[in-house]
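Chain IDs A, B and C follow the sequence of writing; residue 1 opens each chain.
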Amino acid sequence: MNEMDRNLAAGQPAAAVAVTPTEPAKSKSVRGRTWLAIRHSPIAMVGGSIVAFWIACALFAPWIAPYPPNKPDALLLAYPYPSAAHWLGVDNLGRDILSRLIWGARTVLTVAPVAVLGAATLGIILGLLAGYRGGWIDAVIMRTGDTLLAFPRIILYLIIIARFGASAFNIILVVTVTAAPIIARIVRGVTLDVRNRDYVAAARMRGESASYIMFVEILPNARGPLIVDLFLRLGFTTVTIGALGFLGVGLPPPDPDWGGMVKETYGMIFIWPHMTLFPAAAISSLVIGFNFLATGLQEMARDG
Amino acid sequence: MLRYTAKQLLNIAVTLLAVSFLVFALNELTPIDVARKLLGPYATQDQVDILYKQMGLDRSLLARYWEYLANALSGNFGESNLYRRPVAEILWDRLGNTLVLAGICFAVIVPFSALLGVLAGMRERSFVDRAVSVFASVCASIPEFALGVFLLAIFVVGLGILPGTSPLSTSGGWPIWSQFVLPVAVVTLYDGGYLISMIRSSMVEVMRQPYIRTATLKGMPFRNVVVKHALRNALITPFTVILLQLNYLVSGLVVVEMVFAYPGFGRMMLEAALNKDIALVEAGALCAVSVTMLTQILGDLGYMALDPRIRV
Amino acid sequence: MADKLHPIIKLAGREFADGKLDRRDFLRVATLLGVAAPIAFGMAGLPIPARAQGTPKKGGIVRLGSRVHDLKSPHTYSWVEAANGARQCLDYLTYTGVDNVTRPNLVEKWEASPDLKSWTLRLRRDVTWRKDNRKFTADDVAWNLKRMLDAKTGSSVVGLFKGFILEEFETGEKDDKGVAKKSTRLWDANAIQKVDDFTIRLNGKTANLGIPEALFHYPALIMDPLENGEFKVGSNGTGAFEMVELDVGKRAKFVARKSGHWGGGANIDAFEIIDLGDDSAAQVTALVSKQVDMIYQGAIGTYATIERIPHLQINIVDTAYTAVARVHSIKPFDDKRVRQALRHATDPDAVLKLAHRGLGKPGEHHHVAPTHPEYANVGYMKQDIAKAKALLVEAGYPGGIDAEIVCRPQPDWELLAVQTMVEQWKEAGIRVKINVMPSAQYWSNWTKVPFGFTTWAHRPLGTMVLSLAYRTGGAWNEANWSNAEFDKMITEAEGYLEVDKRRAVMAKLERIMLDEGPIVVPLWRQVFNYTDKKIKGYKLHPSSYIEAKDMWIDA
């Protein structure tokens, strides 16, 4: 389904195919400059602006949305097209599309980041443990991860969501469970690479705890590839939520969900295309935003 | 290499076993009464009870799993309760349809994205590079369902030159090939967008290598540098990725299959999952996992063949 | 003529003359009791409806877009879609038409005893089985009826004959809660009696007016006993078509029988069913690109599109189809004032316009439709938010209530209706979350969820619905509703043959439902589907039954 997932479905380390890992020694010094450096990457700037726009919509939805998002209005069905009162028109229940898109940003920008953060947290812990401890812990974690990865992602989603129902929580859970093994792989790779370096050995000599070494000494080295992966993953998760909505197993109504909006109205695209096109464009733009950000960060990481 | 293959096959067997149990157990956790489902909502409770017993649903999870496993090992995957047909009959047919669609997509996507990826990557940050990169990113960012809907609006309703659904039947007057055009187009744009970026980055990496610079400095025509030196190396890294597209193409087409009513594997799995057709979900999941793992091995072997430095 | 008439027809005739029974209801009763349709139309003072538009032309193929289910076991079908396949090859004993009038089919005519307990079915003598030209006889009918009424077969026909020739008995087993399990069996060895080679008599334990209609229940297809209840490609049948191809989930093909069909055979050469999945948008695109000529049922989401496509026609029919939002009597809905508040907070007219494009009639919060003969008009309940709020306060919920409603994603209007109602309820402080369950899961739980939105199919009589769904212990009493007085009045209503007496009781029943009932009824549906304009000889049936042999193509 997504960049990382497609190649990682079979367990390829992300660093080998999509992301150039930051040189461990160098990344420490680059750390502080990353966010400022965005200004020098046009593609990251474009991506960042799109994402920022939707974040602003999500944050200020109650103040900027012109109408309540779920309020049906039978009278508006007579002329549902975009007009001065309803800039993007209304949908099949007479609900204002612009307001639904703005509130929908809130939904997707909550579910996707929470899911990705969940996956990152779980993946980082497991990856550090596997890489640093090695032995049977490594074997168990990676074996379990491989089994999950062998499952084609979308089919795993379908089975789980068809079983347990489609709620925001279940979608978050499913994304977490399926993405964590990939993130664990990235982190484990970096950990294996640096765990025998001098500064790690020094920390061990100082008598630092294992968790200190893992999180403070080792983890920052994985920052480069991780950040890129997380942005790509945000884009992917946005598409996934949309696709699940489209397949009829997405977030439950009435709260606006962009994929669900496309699903509900695409039978009408021939006469009322705006009902389908605007939400489809909204999803696409947010995904483009995340992907551009990831590409920009990747270029910057490579250029140093 | 023989040892590698043997080890991987064992690996597949263990994973399949784990997956089959996982899916079986997962199915137990939902409140769907299969006997009720078969007879419909209007059957009386006593008719449902009779069927429940007949199907042996009153036995324990392990007993039923064991029976399933024994049957599966002898090649009997049970009966689909959605289609009320032997699973094999439905599964192979739908998988076959999807493989045909995937095969065509693969044959289109690979040359298409290799061409654009290499063109873009050979002169990093040139106009062509920027244009192709943006095109690729945008394509890969538009969800398949949105892309499918846009194309339907243009070519079916607007122009009327292509059929709106792909049931793989000629009785509607549309030849079979025409029913492939839109699904293939959607997949090509979406998946191709991603592959182009992959191949482009790999090409960019290669073009930065010292030997390419040397060759250029030596006065070798740029065209020759690209064709003779860069191309092969640039395609090695994405090779695995390219192969793994097969994987995506087998399982990930569910959205496209839904949009175009294409009788494929993904749509079958969606319906089976929604209808608690456990036999079909089980067999389908095992199939999908096998395809994933086999392409992985194939990828590794191919990688070894292409790049002699790597030994597994 | 007159003295041969069943006494109830005379009664109905008097009621009709007095204006207590409308024409439609008189027609129904008269034809059920064995009066041939043309005569019944004459008695009702109606012209005999013209059967076909123009002169049918021969030839051509009609392609139907519909799910293609497995067709193996006709007697246990739980989908009309499946019956729409097999019915092309197999026949029913009777045929209830678009006008709700039951006509002869394999049964040429029937008579009921004055007490309505015994029904004599006389078969056509010119019917032959396609494969071997064998005569179709009473033995074939007896075998089929016995098979579908056997509890082990699992047919839903059982529900319609329970109490008539089927009786309940305790199997001796107990369920998890220790309640004795019950099953059904023929109440008497002679319940299905072969009188002669072409006559069958059903000897019932109790009276039943609806037997001819029940014989048209969609799984009640008459199969060749030699084929043991299994229907497949090439199966024998008395119908106008032979199934030549079946690819479950993809397509089915039926070719017209060359000769020897009792009804004169089909006009078209072949009939095909093409599976387009559950996605209604795919139906539109298939129709637009002429890959199919008609679809089984239209979705609300596609209606407006089809309206604008010149080569397509929308067929509409009035029905008693609906879906009800119903609650179990548990907190907070254990207080009847909360249930009343739910009704007052609903605006049925708006739901009808928004979720069903105005196709149908607004609901009145009791489960008796205006199309039912005994429907009593007790008034339309307008939305009254202030009253709803006041009722909630009275019930001790000044801050409003929170609940969760379970519904299905298909058909699409149901989800739209739920969304619309949820927004209306919100205004009154009834905050409801929506839980969409896949259909299969919903039907496994529909009686168990505390608050659900349930489809109710079209049924010809209001008493049938109330008895099934709201009588204490009723088979499909999804609300677990129990009211002794209500039960007594249903029985009373069922006992009256005179419609005006039934209607008087019905008015009381409806008022009880308004006062304390467990349901919100947003609307009564008109059902619709789409056909290519070139298809003639087709009318949409309220139950969406599709008969291919009558269709023809006007090229």
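Brief remarks on what is shown
In this section, a contact is a pair of C-beta atoms (placed from the backbone, for glycine too) under 8 Å apart; a residue touches a chain by one contact, two chains touch by 3 or more.
Note that this is a predicted model, so its numbers are computed, not measured.
Distance between Cα centroids is largest for the pairing of chain C with A. Across B-C and A-C, the chain pair carrying more C-beta contacts is B-C. Centre-to-centre separation between chain A and chain B, using Cα means, comes to 21 Å. In terms of their C-alpha centroids, the spacing between chain B and chain C amounts to 42 Å. Averaging Cα coordinates per chain places chain A and chain C 47 Å apart.
Within chain C, residues 281, 284, 288, 438 each touch two or more of the remaining chains. Annotation for chain A: residues 162, 249, 266, 269-270 touch two or more other chains. Counting partner chains per residue, chain B shows two or more touched chains at residues 30, 152, 157, 258, 274, 276. Residues of chain A touching chain B in their complex: 1, 3, 6-7, 9-12, 16-18, 20, 43, 146-147, 150-155, 158-160, 162-164, 235, 239, 242-243, 246-247, 249, 259, 262-263, 266, 269-270, 273, 276-277, 280-281, 283-284, 287-288, 291-292, 295.
Touching chain A in their complex are the following residues of chain B: 15, 18-19, 22-23, 26-27, 29-30, 133, 137-138, 140-146, 149-150, 152-153, 157, 191, 194, 197-198, 201, 205, 237-238, 240-241, 244-245, 247-248, 250-252, 254-255, 258, 266, 269-270, 273-274, 276, 281, 284-285, 288-289, 291-293, 295-296, 299. Here chain A touches chain C in the complex through residues 70-72, 74, 77, 92-94, 162, 165-166, 248-249, 252-254, 264-272, going by the rule given at the top.
Residue ranges on chain C touching chain B, taken from their complex, read 61, 63, 69-70, 72-73, 76-79, 151-152, 154-156, 158-159, 171, 175, 181-184, 247-251, 272, 274-279, 281-282, 284-286, 288-292, 438-441, 443-446, 475-476. Residue ranges on chain C touching chain A, taken from their complex, read 280-281, 284, 288, 299, 301-302, 304-305, 308-309, 350, 353-355, 409, 412, 415-416, 418-420, 422-423, 433-438.
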